[in-house]
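In order of appearance the chains are A, B, C, D and E, and numbering begins at 1 in each one.
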Amino acid sequence: GPTGTNTQNTGGNNSSQASGDLKVSVITHGTAGDAFWSVVKVGAEDAGKQLGVGVTYNSDGDPGAQAKLIDNAVSQKVGGIVVSMANPDALKTSVENAVKAGIPVITINSGSAKSAEFGAMAHVGQEETIAGEEAGEKLKAAGKTKLLCVIHEAGNSGLNQRCDGARSGFGGAVENLQVDISNPTDIEARIRAKLQSDASVDGVLALNPQVAVNAASAIKGASSKAQVATFDLNADVVSAIKAGEVLFAVDQQQYQQGYLPVVMLKLFKDNANTLGGGKPVLTGPGFVDKTNVDKVAEYAKNGKR
Amino acid sequence: MTPLIEVENIGKTYGSVIALSDVSTVVNAGEVTCVLGDNGAGKSTLIKVLAGVHQHDRGSFRVEGEEIRFSSPRDALDHGIATVYQDLAVVPLMSVWRNFFLGSEPTTKFGFLDRRKGREITRKALSDMGIDLRDVEQPVGTLSGGERQCVAIARAVHFGAKVLILDEPTAALGVKQAGVVLKYVAQARDRGLGVVLITHNPHHAYPVADRFLLLKRGRALGSYEKSEIGIGELTKQMAGGAELEALEHELRGVQA
Amino acid sequence: MTPLIEVENIGKTYGSVIALSDVSTVVNAGEVTCVLGDNGAGKSTLIKVLAGVHQHDRGSFRVEGEEIRFSSPRDALDHGIATVYQDLAVVPLMSVWRNFFLGSEPTTKFGFLDRRKGREITRKALSDMGIDLRDVEQPVGTLSGGERQCVAIARAVHFGAKVLILDEPTAALGVKQAGVVLKYVAQARDRGLGVVLITHNPHHAYPVADRFLLLKRGRALGSYEKSEIGIGELTKQMAGGAELEALEHELRGVQA
Amino acid sequence: MTVTATAPPAADERLGKPRALDQLVKRPEIGAMLGALLVFLFFSVVTEQFLSVGGAATWLDDASMLGIMAVAVALLMIGGEFDLSAGVMTASTALVTALLATRLGLNVWLSLLVSLAFALAVGALNGWLVMRTGLPSFIVTLGSFLALQGLNLGVTRLVTGSVQVSGMRETAGYESAGFLFASTFQIGGTSFFVSIIWWVLFTVVASVVLLRTRFGNWIFAVGGAAQNARSVGVPVVRSKILLFMTTAFAAWLVGSINILRYASVQANQGIGEEFKYIIAAVIGGCLLTGGFGSAVGAAIGALIFGMARQGIVYAGWNSDWFQLFLGVMLLAAVLVNNVLRRRAERVRR
Amino acid sequence: MTVTATAPPAADERLGKPRALDQLVKRPEIGAMLGALLVFLFFSVVTEQFLSVGGAATWLDDASMLGIMAVAVALLMIGGEFDLSAGVMTASTALVTALLATRLGLNVWLSLLVSLAFALAVGALNGWLVMRTGLPSFIVTLGSFLALQGLNLGVTRLVTGSVQVSGMRETAGYESAGFLFASTFQIGGTSFFVSIIWWVLFTVVASVVLLRTRFGNWIFAVGGAAQNARSVGVPVVRSKILLFMTTAFAAWLVGSINILRYASVQANQGIGEEFKYIIAAVIGGCLLTGGFGSAVGAAIGALIFGMARQGIVYAGWNSDWFQLFLGVMLLAAVLVNNVLRRRAERVRR
């Protein structure tokens, strides 16, 4: 395959090292260090490496700052922009300006409803709401009656959408709990406190693998009968799934949300190809549970699932 | 003629510390009232009440016959009472002239600071006191102790209206500068101001004062008109009577 | 006998300000060297060099005959030079006894602070100076100016080894306390210490000093043995000669 | 009849001769300026687009929003206080405006007025609490920071069911208000946001107030030694409360620019920004302990920030290391600034 | 031969008679203690589980990790400095340990030693930079905060390709190290984490050092008036560098507890926590300006924090409003604390 054009480990982040002259700017609303978005980044960079496309990845949770990053990319006259639209309204002007400047834009993850309206070429990924919805349905199918949805970053719209989705998918009682991702002790203590004070909670939906691990140990500490489900994977979650401590992990296969847009932009540039016919290209959600965990485990270790 | 300031049986406590109790005195126009006493006797506390920094707990405090209780130093200033504090009340990081005019800044007709005027008046007022500064734009914090003292005094003299209060103004000053300050005190008195002067130096107190208030451990030890007491007796009283003699004797003994 | 301290043509500049230049003097064991001068004359600068707070730029500085340049006040202390600064060098929020022992804390045999000993020595040292504090656990910041001065002096006297430097120690003191300080100076001298004393009060300087160094605007104006000068002439020199007479005359004129 | 014999001499023999360079660096901002110049030159050389008109529009835009706040915060810091609630206030004001306009259908102008009143009230409350209780403003405004953060999220979810308010574009008065706060102007065919003008304007006004008015003098005084300032008659309480209200006003300005430009606002916006304001002010020469600083310096501090943030993106450096670059760059800028300031201070004495 | 005629009188007539209550509140921590008591009583009454053994285990656990850091930060603050890098340091040390153990296969104990050396080096560097440059520690440690944050993320991604390091459970020495740092002990059938013991131990040691040793005396002195302390011979530079290293040590302790307990660490852990440490210290009575404070107070400040955070969860209040409750509660605690302290200070004089 066309790998090896760039052997540098950090990925094709440096455009001058890419062999091709296509430069793609990926701009997301994930905060730095977010597990989910880390996989998206790896996906985009892998695609860049393999296709000889210069990929730069930037992100900011603040919509205004994200808009400025788009403006920045436009002023750099990049060959393509990939953007996640958690807050489409705020990005409207910037995205439209990019389109006006003749830069093809692909939206990923969220904002599919506004994607075409703003002039984007395509949308890759699935709304967080829908991912949450399916997680909720699966938990309901597992016989859960009361669900705790743990938001590890207050005010993060993506996380809130997942919980909102879970609420409609689950049908029954869903409560949100806010914790702080930067303090694992606090995460565990709060989940434990919640479980101690409300014995009827029998399901915990974590939105981050680290939270999932904390939740599992909180459940032990509170001697509760609840079970954990989570978004995304890491080595600990994999072994927890094997051990039955974690029911399943939602896998949006977000690697593709980073990878595919670069491919699409490359193809668009080379052959004017388009994909999806105006409809979103869905990447997930898939689920990882006891049945398929062994298959996925290896990829999770490399940061690709 | 009603006295400018009259306090009667005034008292002040800090928490459970009784810093001042039952002290009475008057300040008349054209007279200097000198407050004397040991360290910690309550002198600064007394003048802080007069200047509106603290409020008295007991007793009465009248300004021009009118019972009063200042809510802030601004209030006292507005009643024409200007004060030089022992700890100087300057802002170290601000320039000399800005400190000089702090709280009473000169403005142009557009409402902006009149900086030229500020600098000139400051330079003039200080050089009148025998302090020639290199630069009135330099921060007060970089001046020597005595220079700083002079800035505070020059400010109070310049803005002082009816009553001028000075807390140990000559303590950090050289002989010449101290002389200048005493001259100012005498001048202010002669212009009809009432002056309250705190000092530990009987040689500074005696020439200019008309009345002496002696404090000890927060209480009045005595109050004398100048006619009632000589400098020798005053020095003795300031040092707590007999004790001084023993000390002087010893000092001489050691010297010998 | 080599002098304890000997400085020769010493000079010090702050940035572009020349605070001290070409000053020479000696401090002998068993003698008091008195440094006199106007405000801003450079007295504090001189003793800060001696105490290791600043370093001199020019000239030579010898301690017991050995050329030296202190890297820190600790260094000077270790050479037996104890100093009372004009700005007192106390930590306002710390208690009196902790300030007293700061840098030379007494410890028990387990390496812990010996608090009882600390408190007792402090109380004793202060009451020897005529200061009876209510409580040596109270923060120094709550003491009156003079009380604070006494703490700093008592500390230097207690720890002073060979040379005791005092920057205007009597400025904020009452008559009695000033007398006690002078007595300490005389005692220290008689115990064979070298003393450097800065003061503006010729009545304080003359009785105890053996040598007078007069500074003006950073330069030495003159250096006299006690035998060479009387108190009248000294006072006159301190005030810059002729100027004082005009002033005294005027002061008397206003009084009349 | 003058007592002193010596008139101030034209040349003082106690002053060594000042060097030419030293004369140049007398202004407190000059250090920050050099820092800014360094960052500017660095990215101009390292990247292609940084120096272009489009590039300048981008980093000026980024600097402008930070700059407005940094200048206000600098005034407050010179006045000896902190405001940790300044960051979330930008979101609170935007939320108030947006909720009123989109949910109650108020005219945008009216909503802006109400949110201005709200901001000033919060600012005054901050100031009053600080002065009343004597607690450090760090703690008091931390309280309001947490409270506002909770309110932002709670109210937004309560009213909209989500964590953002959007739909401003359809409200009455959006166009005209947008023109004032969020329009663009053209220079050399590139659009610059009007927020840059607001930033410059705010800096100039703040600077004039600080250096040329009585109130400015009081700001320095209450920050340098509040007790002493009070003893000579400066209205300390009033001055400090006014400073808190100034910060709140700036937060309202930034909030309004944001809501009109992005037409939506997220409940967690502005969190963490408060420290960037303080950092920009400190880079610009403000002392953390109060009593010293400059408004222009703070504006330049924001400029350094804006240039560094966008410059790193232009350089295409791996964003994983972003904070590392930023940290090193800030430290370098501050160090240069510091060396220069020391030199300047030596001269000033 | 004594000069003074008056021996210190047993009862001083200048002292009004002290009231019994006033005598009680002489200790600086008593304010924080009452704040803690209030919060404790409040949640004990309002919720069911808070007062149970299981409940106590939960909020003590939360408080302990915060508490270790708060005590170290309190020492540093008394010494007149800040350390904004303390939060990320907890992640950095954990990452170093985890990377060495999982990627290089080092024994956990050895990894812990290396990361301790790393922490102490960073702490010393912080201190050295602050003392060397004369810049405020707020700025210097902000630089190291950003730099470490960047390093944490950059290195983690470089090595693992993801943003977290996991897999500690399989490493050599995990069991024994885990016993020391992350085991539990039983009281009344409920497991308490050993971090609580670390917390208590650390507080006691810090308190003894602060109040009973020369070094403790120096901490107060360098924070209260560094210049004056220097002139009486206190080694200011050495003391301050040691304080920065103490904070780094505490961060290592917390990082080690975290990594051994959760067996994985996220690269962005600890960000924002540094302010909670400072807040806890201030609630416990530390002055932001240095020179005053108490280690026990900081520990109690952390306890208030922990109880409030978990209490809100026990009370089942809508977590959208979480920050609002927290803000109001902290402010209330500080206010009570303040009123009491003022009273105490009045007595102490």
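Rule of thumb we're sticking to: a contact is a pair of C-beta atoms (placed from the backbone, for glycine too) under 8 Å apart; a residue touches a chain by one contact, two chains touch by 3 or more.
Listed by chain with UniProt protein names: B, C = Simple sugar transport system ATP-binding protein; D, E = Xylose transport system permease protein XylH.
Predicted model, so just to flag it, every value in this text is computed and none were measured.
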Set of chains adjacent to subunit A and to subunit D: E
Label of the chain whose CA centroid is most distant from the centroid of subunit C: A
Reference subunit B; chain at largest CA-centroid distance: A
Chain centre separation (subunit A, subunit C; CA means) in Å: 71
Subunit B-subunit E separation of Cα centroids, rounded to whole Å: 47
Centre-of-Cα separation between subunit D and subunit B, whole angstrom: 42
Multi-chain contact residues (two or more partners), subunit C: 17, 87, 134, 180, 183, 243, 247, 250
Residue numbers of subunit A (touch at least two other chains): 10, 32, 154
Junction residues of subunit E - those touching two or more other chains: 3, 14-15, 153, 157-158, 272, 287, 320, 322-323, 349
Subunit E contact footprint on subunit A (complex, rising order): 9-10, 31-35, 38-39, 42, 151, 154, 176-178, 180-186, 188-190, 192-194, 196-198, 209-210, 213-214, 217, 221-222, 234-236, 239, 302-304
Subunit E to subunit A touching residues, read off their complex: 47-49, 52, 54-55, 57-59, 61-62, 64-66, 87, 152-153, 157-158, 160-164, 166-167, 169, 191, 195, 258, 261-264, 266-273, 306, 309-310, 313-316, 319-320, 322-323
Subunit E residues within the subunit C interface of the complex: 2-4, 6-9, 12, 14-15, 208, 211-214, 216-218, 220-221, 224-225, 227-235, 287, 291-292, 348-349
Complex contacts: residues of subunit D adjacent to subunit E: 133-136, 138-140, 142-151, 153-154, 157-158, 272, 275, 279, 282-283, 287-289, 318, 320-328, 330-331, 334-335, 338, 342
Partner subunit B, residues of subunit C touching it in the complex: 17, 37-41, 44, 86-87, 131, 134, 143-147, 149-150, 168, 171-180, 182-183, 186-187, 190, 200-203, 207-208, 235, 238-240, 243-244, 247-248, 250-252, 254-255
